[in-house]
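Each in structure tokens, the structures are laid out below.
One chain, subunit A, appears in both complexes that follow, with subunit B as partner in the first and subunit C in the second.
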Partner chain A sequence: MQLTAVVRKDVLLQWRSPGQRVAILAFGVTVLLLLSFAAGPNTGALRPLASGFLWLALLLSSTLALADSFQTEMEQHALEGLLLLPVSARAIYYGKALANWCQLLVLALLLVPCAVVLYDVTITRVLALSGVLVLGTAGLSAPGTLYAAMAEQAKAKQVLLPLLLFPLVVPVLLASVKATALLVTGDPMRQVGSWAALLASFDLVYWSLCGLLFNRVVEH
Partner chain B sequence: MKQAAPAILVGLGTLCLLSGSYYGLFVAPPERYMGDVQRIMYIHVPTAWNALLALTWAFISALVYLVRGGRAWDARLEAGIEVGVILTALLCALGAIWARPTWGVWWDWDPRLTTSAVLLVGFVGILALRHFVDDPARRATWTAVGTVVMYIDVPIVYLSVKWWNTLHQMQSTPETVATTFHWPLRVNAFGVLILMVGLLIARARIAEARLREELTDPEDESAGASNLVPGRVL
Partner chain C sequence: MIGTASLGPVGAPVVLPGGVAQVPELREAAVTATGLARRFGRRWALRHVDLRVEPGRLVMVVGRNGSGKSTLLRLIAGAIRPDRGRVLVGGHDACRDAEAVRRQTALLGHASNTYDAFTALENLTVTARLTGTPTDRDALTSVLDRVELAAYRDESVAGFSAGMRRRMAFARLLLQTDAVAPRDRSHKASVVLLDEPYAQLDWPGFRFVDDLVRSLAARGMTLLMATHLVDRGVSLCDDGIVLEQGKLRWAGPAAWLGTRSGRELLDRPEGRD
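Entry: the complex of A and B
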């Protein structure tokens, strides 16, 4: 009950700041565009790199989305007010993490067509790819929400969140890129399953661990 | 005696390292395929073991701090991360120096190398976090949370990079290398271990002194801390 209320509040907040969402999406598309300049204009050379570029663009724009979710809480001490309500810190964490997960998933679903257009990839296994996107964005949002809570309350917040988050999500990035590449270019050895399992285990570990630790991060 | 413990340990560790390295550099025979380059193993492998040990100590301190609290455990945590980061940086540098003549490249994306690099940047990030939080209680808790979250990631990073790519040679332990290579490796391993324990104690004392200073004199923390530190170390 508390959880759904927090999710509703956060999704509503996101819904009511469309300018911010569009800006984050535009940033993601810009990154996709810029990354292709690093590899040259040859479509044949870009195609194998498409999944890596997609996830890098998603990772970079995810820090903006995650930071944003706590920035609003810092304005006028909203987080303190929220913690004073009879709602557990765990519900606040999972509510925010779920809302962030939804947001990142939507962002991913919007960036995929851009990657298809820019890098000329063909996607046949749409359902499997959606599964990888679901698992990958879940892996970004669980630790990302925890670290955003810390970074937004510290000095030098812009640099802290990526500095803390990026090394931690190396397994997510590797597994997501690998799984997406296999789905796009073909998977003769049937390896996608093990990468998805790795992603799922990371998600399991961090969704539980971060939920356990969150109340220590926001306590006074 | 208790005051002088870090100095004694650092001295003893250095002595072990000097004698082990002398044996490794001048007495032990060169390796058949790699030649003299292999001698870097005598310092590289002990550094690797102890880097992981220091970070494990940081992890344990973080857990104890989260459960029981206490300034001393925060100081130990800070010491563990900092010594661990320095050893991991050394480990990456030594590995690169060894890799260039052996593999022909400075860097390779093998699981152990990549995991060390990820560990290094991860814990540097936690040190940065520590630097950017003013409230001591909050700083301690957040460092502990960050350490637990990062440390648990290590096996997952290792596994993911292993699936991704693999080349590193078998781990070197006294069991996997010839008997003539044992002694320098063992002596140096203990040397780095003793040195590390000495540094951990010294660093934890500095951290505690700084914290005490910060809590008693919040107005002028930087000047106070820098005045206090040298006395505690020596």
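Entry: the complex of A and C
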């Protein structure tokens, strides 16, 4: 009940700030575009890098989305208001993490067509790619929500979130890039399943641990 | 100066200036603070405060800016943790059993705790969903009506003035203190903490706060109210405490603070007796 209430609140908050959502998407597309410029005009050279560029753009845009989710909470001390209610901190964390997950997933689904156009890749296994996107964004959302809560209380919040988040999500990033690359360039050895299982394991660890740690992060 | 305060009719009488009370605990206190201390950076906002408030008592908390009034209320509400000492609310430890304490307390702080992107009604709906109170439009509109915001229920809080935001904070408080019947009775707060409740309010707002305090008293709730409006506090509260530089300087009947001696105590910083 409390979890649902937090998810509903956060999704509605995201819905109410369309300008911010468009800006985050535009940032992601710009990153994809810049990376394609950096790699040069040769589409043959771009194709093998497409999955890495896609996840890099998603990671960079996700820091904006995650930071924004706690900035809204801090404006009128709304988070403190939530914490003063008889609501478990875990419900608040999982509610926010789920809402952030949805947001990152939508962002990923919108960035994929841009990557297809920019890097001239063909995606045949759409369902499998969707599965990798679901697992990968879950792996970004769980630690991202925790660190966004931590960074929002610090003075150098803009720097702190990427500084904390990027090293922690390296395993998720590697597994997501590898699984996506196999789906885009071909998977003769049928390795995608192993990478997806690895991603799911990381997700399980992150979602369990971060839920336990959130209370420590938000208590003053 | 006194270091320990016991406020309420049970046990020994309240402490008068110059006295230190050790009161036999005949029943569970609404709030008990023992050796309470809290530091922000290097500055101690609260230093070794002992306090016992009996259920149903209305206590005014007086002190100059930075004397530790807000810190005391926030520690009792479980909004912050003490660096030393402990707080019990209805027998529950504010650190170890924070959720139970939050269920029993309702804090009106300095912030409105609202979301600017939401309307007044949507903001209340969030609180109602999380506290298990009815979320139907009519019930929540009646709460907004009590704080005279019913006409603005579908307007974004972002456009609200400081006074209107304050009223929104009161609406949240009313939801927690059983303004509308909660589905789960255990969610009803029994200790209400008001931090500068008159701040930013207009004249009718002052009357609203007075009526709210009286209605809380009539329902047997315990109240701690930090205020600079001593005369108003004296007319509403049973007991008073004076904080100075984080220390408990005086505790006793609120009415005494309205006397000449009380005024002198408030006007004269400690050490200039």
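Quick note on the criterion: the second predicted complex is superposed on the first by the 220 of 220 C-alpha atoms of A that agree within 3 Å, B and C clash if a C-alpha of one lies under 4 Å from a C-alpha of the other, contacts with A are read in each partner's own complex, and residues count from 1 in each chain.
Please note the rule applied: a residue touches a chain if its C-beta (ideal position, glycine included) is under 8 Å from a C-beta of that chain, and two chains touch if they have at least 3 such contacts.
Treat the numbers as computed from the prediction; the structure is a model and nothing was measured.
Contact with subunit B, but none with subunit C, is seen for A:143 once the two complexes are overlaid on the shared chain.
In the superposition on chain A, A:219 makes contact with both subunit B and subunit C.
Once the two complexes are overlaid on the shared chain, A:198 sits against subunit B while remaining clear of subunit C.
Shared-chain residue A:17: touches subunit C; no touch with subunit B.
Taking subunit A as the reference, the larger set of touched residues comes from B, when subunit B and subunit C are compared. When the two structures are aligned on the shared chain, A:96 is found in touch with neither subunit B nor subunit C.
By the touch criterion stated above, A:168 is placed in contact with subunit B alone, subunit C being left untouched. Under the contact criterion defined above, the residues of subunit A that touch both subunit B in one complex and subunit C in the other are 219-220.
Every residue of subunit A that touches subunit C in the complex is listed here, in rising order: 1-2, 4-6, 8-9, 12-13, 16-17, 72, 75-78, 80-88, 219-220. Contact residues of subunit B toward subunit A in the complex are 66, 118-119, 121-122, 124-126, 128-129, 132-134, 138, 141-142, 144-146, 148-150, 152-153, 156-157, 159-161, 163-164. Contact residues of subunit C toward subunit A in the complex are 77-81, 99-100, 102-103, 105, 107, 109, 111-118, 122, 126-127, 129-132, 157, 165, 172, 176, 187. For subunit A in complex with subunit B, the residues that touch the partner chain are 143, 146-147, 150-151, 153-156, 159-160, 163-164, 166-168, 170-171, 174-175, 178, 194-195, 198, 201-202, 205-206, 209-210, 213, 216-217, 219-220.
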